[in-house]
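After this come two complexes, each holding chain A, first together with chain B and then together with chain C.
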Partner chain A sequence: MTKEKKSLKKINFTPYLMILPIMILLSIFAFYPIALSVIKSLFRWSGTFGNDGVNTFIGFKNFIELFQDEIFLQSWGNTLFFIITGSVINLIFPFLCALLIFSIGNEKISYRWRVAFVAPMVVPSMVVFLLWQFIYDVDMGVVNNLLQLFGANKVDLLGNPDSVKWAIRFMGFPWVGGTFLLVYIAGLSGIDNSLREAAKIDGASALYRIFAIDIPLSKPQFKMILTLSIIGEIQDFVKIQTVTEGGPGYSSYVPGLYMYKVAFDSNEYGKACAIGVTMLVVMLFASFLMNVLFKKEDID
Partner chain B sequence: MFNKIKKIFAILLIAVCFASMAIKAVGGNNAKQITLSFWGTNLPYQFALEGIAAQYNEMQDEYEVVIDKQDAGNYRIWMGGRLAGGNASDLLATTNVYANTDASNGYLYDLSEALNQPNPYSDSGLSWKDDFSGTYLTQVAYANDTSKFYCVPTNTVSVRFMINTDILEQNGIEIPTADWTFSDYRRICEKLENSGYETAMEIANAKFINYTVSWAIDIMMAQLKYDEVLGYDRNQNGQVETEEIVRAFLEGEDPLDMAKDTDFKEVMQFIKLWSRYWGEGFNSRDDTSENFLRQTVPMMFGGSWSVSGIELTLNNENPEADKTNPYKMFNYISLPFPRLEKEVYLDKDTTFTFTNLKEGLPLQELGEPSGCFCIPKSTVEAGKLEGTLDFLRFFTSAQAASYMAEKAYEIPVIKNVEINEKMYDFLPPENSESIRMRFNLLNLSDGVASEYHFKQVQMYLMEGASSISLSTLCRNVQAKYEEVTELIRDDNGWEW
Partner chain C sequence: MMSAKALRKTKFIVINVVLAIFLLFTLVPVYVMIVNSFKTQNQLLDNVLVFSFPLYFRNYVDAFNRIFPFIWNSVTVAVVSTVGITLIAALTGYAFGHFDFKGKGLLFTLIIVNMMIPGILTLVPSYLVVVKINLYNTQFALLLPYLATGSVMGIYLVRGFVEQLPKTIFEAAKIDGITELQCFIYIGMPLVKTILTTVSILALLNVWNDIVWPMLVLDNDNIKTIPLGLLEFNQQQGANKGALFAGYILASVPLLLYFIFNLRSFMDSLVEGAIK
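The block that comes next holds the complex of A and B.
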């Protein structure tokens, strides 16, 4: 028996066989569409297979057109705003809330608070968006009714290019519920409590303990949430489609919305694939950047 | 014990899932059942569709029509996926734009031959095609070959000014009639504003400038460019089809140029002046109907599709509901868009002049076909074509059209249909013609391009730093028109 055969015999194939079904499904439903998008981004394609419809190879024309397209560039500018503000919000507010919940000594009460903050997740996001649209409504919205109560003029927060992005960002206030909160609580729970106790004995204040222990040791959570926030902000267009359709003008347009409209309104699936590919590249780059910024040894 | 119950429950649940899948798989191939899928949130329309299906099912026992309502927001994606997968419903609600796209992708059955045959549910003795009034059917002809039809309309939509006549009477304002002018309309607005109404008239869908405002632009442009549009209609069939629009922009020494066109510029300037009175709220909820119903706004400019909601609310005779609802009965009329005049009065300080306007021309506002239905090729492959066609013929009969008008306030597209008084106001007034040409990119089958057009208008109407100038608007619109028309010409290989 050769050495190679011996080493093959040593390999345990069972885990690979067990993971095979999910890999096959992933290949069909995730990897294949990604590969197809990359290929079809080089085509003028009406979304059909076979002989019907348009399916012409045009090289990088879709990409060239996109990078000359003011709307596409403006939509990336808007996305940058949402990435920055969204990341800041997701890094700060759920973490502060997690700290408060974690600091509750009574486990039962702490659990109840966790449930209270996570429970709103069951409300469909569409309902939340429509609710906020009601809140901002010029005639009947709470904001304008309150303003009028104090003698101020009505404001059209979603209809003004200067305020629309901030108004969209403000949706979901106070931004503390949901998955990110649980991630932070899990992270804080994972920190060895003896560190906090030792700091306390050494006379460190609560604020100092947060900055010296909780924040540095929550870096893996910050990394994950920052990465997810960036990816989420690039992908998300549902709330914008629901409340402003990207308007007024293109003030709140984002690449995801553009991709959706190019594909389903104009039937230009090749161009939509090209938009998708640019989004994919940016998301991959952002993930890579996060890995560089939060090096494993730093986290350790 | 509890675990055992849980196990039994789980097994039962799985068994029910599999059983329902098996039943669906077996039942799905039932050639006798015809499924009609549509989207929408309009309950009267849904009930009326179910009523039509029930009438048809009662009339014959060979086929059973089943109504399937789909989610409005995702309908196009759902429909596109089903068509591509070859498992679409037998009869699909669609739009002219969707049908053009789906036909070019080879998904739809061509109805042109069937349309040349008489409709057995019609007494006219004419072909099915000739039972349609005006240009309602020809407007949905296949854009790339107008001899083909991949969908048929079952109703039409139109826009009207809806006016609360009680409020006008209470304020001593004379009720206008269908021949009113824009100056008449503005004087009524002023009187209402002086009586304390903050906004005299609201425009439905003004928030996205994508529908009702585009109608207004079309109606005004039709009046201003009446003679020119006649020239664009080269086959003189009463409408300007895609190829004719493309030719108007690309052919000849003096092609249509929105960047230079005086009429387009004047209409846009006029709209901007008019928009000062619309009330605030770009991107707000569209609460025009709500404000009209609550009588905080005495007039609204909206579509025929608003009527069912208004009627349903005002005619609510449920005493329990009356205790809580904020609406009180009132009378209203629906009038056509007021005519423009050469000198239009907007307010005591502003009069607008339309340089090229010719007065006394026919109104152009017959409306556009809606409620379109198509038959996927998969229906033919499943052997259900005959039944589906038969139902579609029944659906477009005068009997069904009258029922839809009565129950769902739909405007018929078939000749000689008896309709209720409310919808009668929406029928084309005397001395009116269909809109021959829509002056936005909506009719060129490119959703993103038409959205571009509307967003440009939206940016022009805005005030402040983000607003664009009139010349930028016209230049951008023209550039998009050229881009789109050149693409359509090249795709179709048109040479003139």
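The block that comes next holds the complex of A and C.
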């Protein structure tokens, strides 16, 4: 008893004071919105606080409606396309490029290549989106200019439901620049070089060494990039909003864009929160799946 | 039969050529942007693939007048939030790494759990909160949420760094009778300078490239950031698209300058930020 009192007296308030600012900020701009989105997903809500406006508890009705909603389902179908193609691309292309840069073996030259591939990142992403939109433009775009040179007919890659998703996916070709490349290179540099030397002495070819050493030992990087790709593809709707607005029709619609429209065009904020929650659930499931998948392989 | 040396040399050349091809394709949009920024509308209608002569420099004047206010807005928001995020990350990270106090584990978890909450979940409710507390269409609508969510990773990084510092450094200083605050400023901070550079670069990149949030909470040309300004410019500039490309280039300049002058730490920070 006396001991407790003594320790109470000795409480140092300094750390609490240092933590206070971020706690206040997070309460307003993180904890409260998180709670709101989970709770209001069960409401029909017009986005108002207090007593004015619609705010009725409707249980899981938002979710039930969503899963009967063609647009919502198609959005997830499109996202699935982007997740699968995006993951495959991010597992292969930056890794290939990383292998090449790493195998130069000259630190100075390899650093220069890394800088060269990171440098385009200074172009704001909005500019990149608009440039690709221009590249695909029907009237004056780069693709159609090239086609004209060869006497071919004009194509509207973004305006055609069959090609629009592939055209969006092709943006950023050859997909090697940026952070993922650096992550792979960091991974490759972290592998004990004596393994490669030993394999070399045993007469293993360069290709064999890649498959027997570099790829299996880059597993943590693959796992991380796969997870980041999936989460990124689920969340990224600005690119699509800028380039196609989800069109033509709903052929490039994604859940994030749908959430945006449901909230700000139709003011169905409860339903928008429900879409957000479904996205959270899918992302959590994906991360869980990655953990299981990569752990199992490690045991084998 | 090739000698080992010749073989190595061939391998070296092949690798560099393949990388050069990769880089060329990567730079296609940049090339398109540069080439077309020097064209009049007629030159643009003629071709968009190669330079047209005479080069038309006036585009840059037109674009500068249109884009500069947005660049300035972006720079202001980016600088203020980057400084703020770095300060908060330093303060909070130091508190968690240096002190022992009741509830430390719980409080830290509460903060770090935000790293796992996707921004998309809170987008709509955060917007409503901002409207509710009358921040809509002010620069604080950007700044305060950036400080909140943008500091989380920095706190994690700084704490990890401070924890590894030997306690003896601080003990010696305390015997000399300096206060906790002096300890933080004069001993703690200089020791974590490298990690603070990383924190600030990552914050800058995130803030600079953010599109969705400003799009939601800003509706006034006087405070709109670059992405919004470009989007608007893009929608209005049907008659002289060349100026648009010049605008794209101008919009890339600030970060390019920053990149050039902080090359090493920029490269290191990207890896650090992704791996953690």
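Please note the rule applied: the second predicted complex is superposed on the first by the 264 of 300 C-alpha atoms of A that agree within 3 Å, B and C clash if a C-alpha of one lies under 4 Å from a C-alpha of the other, contacts with A are read in each partner's own complex, and residues count from 1 in each chain.
Note that in this section contacts are C-beta pairs under 8 Å (C-beta built on N, C-alpha and C of every residue); 3 or more make two chains touch, one makes a residue touch a chain.
Keep in mind the model is a prediction, meaning the values are calculated, not measured.
**Student:** Between chain B and chain C, positioned on chain A by superposition, is the outcome a clash or a fit?
**Tutor:** On the shared chain A, the partners clash.
**Student:** First (chain B), second (chain C), both or neither: which does A:Val164 touch?
**Tutor:** Touch status of A:Val164: first partner only.
**Student:** Of the partners chain B and chain C, which touch A:Met140 in the superposed model: first, second, both, neither?
**Tutor:** A:Met140 contacts both chain B and chain C.
**Student:** Quick check on the superposed pair: does A:Phe150 touch chain B, chain C, both, or neither? Answer first, second, both or neither.
**Tutor:** Touch partners of A:Phe150: none, neither chain B nor chain C.
**Student:** For A:Gly47, using the defined touch cut-off, is the partner it touches chain B, chain C, both, or neither? Pick first, second, both or neither.
**Tutor:** A:Gly47: touches chain B and chain C.
**Student:** If you tally the residues of chain A touched by each partner, is the higher count for chain B or for chain C?
**Tutor:** More residues of chain A are touched by C.
**Student:** Among the options 1-9, 73-81 or 109-117, identify the stretch of chain B whose C-alpha atoms clash with chain C after superposing on A.
**Tutor:** 73-81
**Student:** Across the two complexes, what residues of chain A are contacted by chain B and by chain C?
**Tutor:** Correct list for chain A: 47, 49, 134, 140-141, 264.
**Student:** Please output the residues of chain A touching chain B within their complex, sorted ascending.
**Tutor:** These residues of chain A touch chain B: 46-54, 71, 133-134, 136-141, 154, 156, 158-162, 164, 243-251, 258, 261-262, 264-268.
**Student:** Enumerate the contact residues on chain C facing chain A in the complex.
**Tutor:** Result: residues 11-12, 15-16, 18-19, 22-23, 25-30, 32-33, 44-45, 47-49, 88, 91-92, 94-96, 98-99, 101-102, 104, 107, 110-111, 114, 117-129, 132-133, 144-145, 147-149, 151-152, 155, 180, 205, 208-209, 211-212, 215-216, 226-227, 230-231, 234, 241, 248, 251-252, 255-256, 258-259, 263, 266-267, 270-271, 273-275 of chain C touch chain A.
**Student:** For a test of understanding, state which residues of chain A touch chain C in their complex under the given definition.
**Tutor:** 11-12, 14-16, 18-19, 21-23, 25-26, 28-34, 36-37, 40, 47, 49, 97, 100-101, 103-104, 109, 111, 113-128, 130-132, 134-135, 140-142, 145-146, 149, 173-174, 176-180, 182-183, 186, 224, 228, 231, 234-235, 237-238, 242, 256, 259-260, 263-264, 269, 272-273, 276-277, 279-280, 283
**Student:** So in the complex, the part of chain B that touches chain A is made up of which residues?
**Tutor:** Touching chain A from chain B are residues 76-77, 80, 84, 101, 104-107, 207-208, 279-285, 287, 290-291, 446-449, 451-452, 455-456, 458-459, 462, 464-466, 468, 491.
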